[in-house]
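Each of the next two complexes has chain A plus one more chain, namely chain B in the first and chain C in the second.
After this line comes the complex of A and B, so read on.
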């Protein structure tokens, strides 16, 4: 149902979530962020271009990831959210914290 | 005069038949050759049951005269159903429909959604209906769906249904609407009569025994059938049918869903246990809700209330998960905000109003709904039939022959039907064997679907007579299996001397002959003045088709396999030559029968067979089989007469 593809780039890590980021799979994203941060690069871009759906648990995982990254001195940014994901983000005002970037490259600008 | 004679002959037929078949089972089955003896006895029993049902059918033949004067207040819609028939053909029918003298509105129901059909209807000044957008991506239910769709955009009290090729007589409504003065009458069926058929009718298109004695007989039991076209129906009755059907279907669907709920929720909870323990808790609480719903349904609570309560429980469980998630998010955001190294200065603030909360926990976005099986389950425990274009379907959609299914439901709700024995519309029959076979196959499949899905013998609300009248028609479609036995048995005897009967001796002749003679007399009297022979021939000669219908209908109902169903084309299809492929089983059967006759004679000649009566009986039997089957070869060679007015432009 959901696949997370981890791709380390110089200076940051890209986590591409393909599928539905929901209750059942939220913990996977948390683990993936933990792993990325733990491996030494606290900067993480979550690529949401393949994420068709997110629910409140999925949002929770993104924010939890943000906290982990920030605590480690880095940041978590999101890129290319799909329509449903964008509307959930704006409905919850979370887009003010997790600003959607149009692409992974733009999200990682400055790293 | 005819009625008493019919009853006497009917009584004699079943009496003599019972004696004969009783003798066959008790004293004459050759058990050593059980592999042919038992099938033969079964086939003979099948035929005897058919005889009982036929006798019962014609026992109370109802010869209605003229209908009462119509109530001039009654409003009528005329529906012409079309899918892919030529526009010219539909226009001809629509023009005739418009010319019906009784006040009415005419509608073309175009399932093909063709612009040229719409234009033709507009030019003619008749209504034009196509499916509304709700039908997109939903089951279309063929003609039943087409009619259901139109029922919701029209408002006449009565509806005359015409197939695209059925050109109505201007008097069709004047003659039939009067029957609806009886407030319990829901249906008036008139005969189907075909104009493009020669006198000898090799395709057996005209059904004078059915649109005559059989329908009149069924009418006597208040079981006159609806045959899809040339019939007037009462809208009220159809709507009631739709509502009752809707409630039934919802109750069944909800009960099914709740029955499966335990398994689905338990599995989902197990799957979620490791990665999302919070979700697993919520799913477990839903199991409780499902169990409660099941209990309430079982104790007779209204399905509407039960589903509403269940949906409420789902919402509450969803809401709890969302609340938990949001609480966690708030904590995380506060933690982020309090970090010394603020990156972009934006305060992590979550401003959520109730609307947003509802949205996050409602059906589409609910975390519980994220599990697909759970989402489907929750959707199924509701009363809106999301799988259908319209929740209320007046015309039954359980069968490819929507007419019989609808009619049986009407009867089981206590409505009456009328068979009005007067040809008031003229149509077009299939013009070649291939098309005819397709049509027969569809009828047989549809009838058997109804039998398997809503067995008339057990369905609530029908009278005994009605049960038997429906069953009689369904029973007749099982004839293919008996036919095979009737073809094989004489071959086995003539070629190998294998006896299914202890002796083809005098007892056999004495018991069998009067039964068969009286039976034939019964058919002669009942069908006096009409041609019934074609029907007899086809009930045997189409044995491969009847068997195929049984197999495919069974596979469809029990294994959900598609039927391989085709719409009957109303125009001639191109093709030349003898369609060997269509009649191969019959061709083989005929060759085998002929060879067997020769072998039988030779065996008698050489003394290998010793019973003259046995060989004689079987030779007569084979000859009868060949004469009956021969109709299919005539049909295969048949080319319909070119109509004077070309109907295909």
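After this line comes the complex of A and C, so read on.
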């Protein structure tokens, strides 16, 4: 299971993903990013502190979200990935474009 | 495999959840197995299983079984399914990681990256994926 909690903050939106970000649920993250960016806030922090596992579909959803946010003139940043998520980001070289930040607050610095 | 954990069923999304649950049991029953070794092994199992769910033919009717064994030096998993054989020439061994901004194509390269051995064979009417991660 995975649940996404959307929290609009001044200047950005936090999307907290709790559970496994996998093939069955990756589309939910895509939709949540689309909704956040569509609401006029193109800066998004994906809080991964509650994400126990990510697969390649989940990674694809993060990349898709990054593109959507950047196309709208904003950015997508990730916060507090767990060990499996950090390892997978590194092994796929995605940490080059999705730099893990230790917390939501630090990810959103400057926004 | 002796002393292992196994399951069987249909290659459908609910089956993926069952695999996660089985691997969680592996962790409970083998507390000496490093968490990272188990989570990286799980990463590979789920990628290969996703592949079967997505591309297995006929869709929703492919049956699979999975067995995992924790040995002193390695974790070994075998996923078998009765779907169609992989197309001839489909690269299994040399899958390269795609560009960082690609939205797909990472499944097999990721499985390779976290395993020490990944082998695919066609045994009669069955696909057999053997996955090995050496323990750190």
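Keep in mind that, in the parts below, the second predicted complex is superposed on the first by the 111 of 111 C-alpha atoms of A that agree within 3 Å, B and C clash if a C-alpha of one lies under 4 Å from a C-alpha of the other, contacts with A are read in each partner's own complex, and residues count from 1 in each chain.
We take it that contacts are C-beta pairs under 8 Å (C-beta built on N, C-alpha and C of every residue); 3 or more make two chains touch, one makes a residue touch a chain.
As the structure is a computational prediction, the values presented were derived from the model and not from experiment.
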Who does A:83 touch here: chain B (first), chain C (second), both, or neither?
second
A:53 contacts which: chain B (first), chain C (second), both, neither?
both
After the superposition on A, what does A:28 contact: first (chain B), second (chain C), both or neither?
first
Applying the touch criterion given at the start, work out whether A:107 contacts chain B, chain C, both or neither, answering first, second, both or neither.
neither
Is A:16 contacted by the first partner chain B, the second partner chain C, both or neither?
neither
Would you sort A:63 into first (chain B), second (chain C), both or neither based on which partner it touches?
both
First, second, both or neither for A:97, with chain B first and chain C second
both
If we overlay the two complexes on their shared chain A, which of chain B and chain C does A:71 touch? Say first, second, both or neither.
first
Looking at the overlay, does A:4 come into contact with chain B only (first), chain C only (second), both, or neither?
neither
Chain A residues where the chain B and chain C footprints coincide 20, 22-24, 53, 55-57, 59-60, 63-64, 66-67, 88, 91-94, 96-97
How about chain B: which of its residues touch chain A in the complex?
271-272, 275-276, 278-279, 321-322, 325-326, 328-329, 332-333, 335-336, 339, 341, 343, 346, 348-352, 356, 359-361, 365-371
Along chain A, where are the residues that touch chain B in the complex?
20, 22-28, 53, 55-57, 59-60, 63-64, 66-67, 70-71, 73, 75, 88, 91-94, 96-97
Quick check on the complex: what are the chain A residues that touch chain C?
20, 22-24, 53, 55-57, 59-60, 63-64, 66-67, 83-84, 87-88, 91-94, 96-97
Considering only the defined contacts, which chain C positions touch chain A in the complex?
13, 16-17, 20, 35-36, 39-40, 42-43, 46-47, 50, 53-54, 97, 100-107, 109-110, 113-114
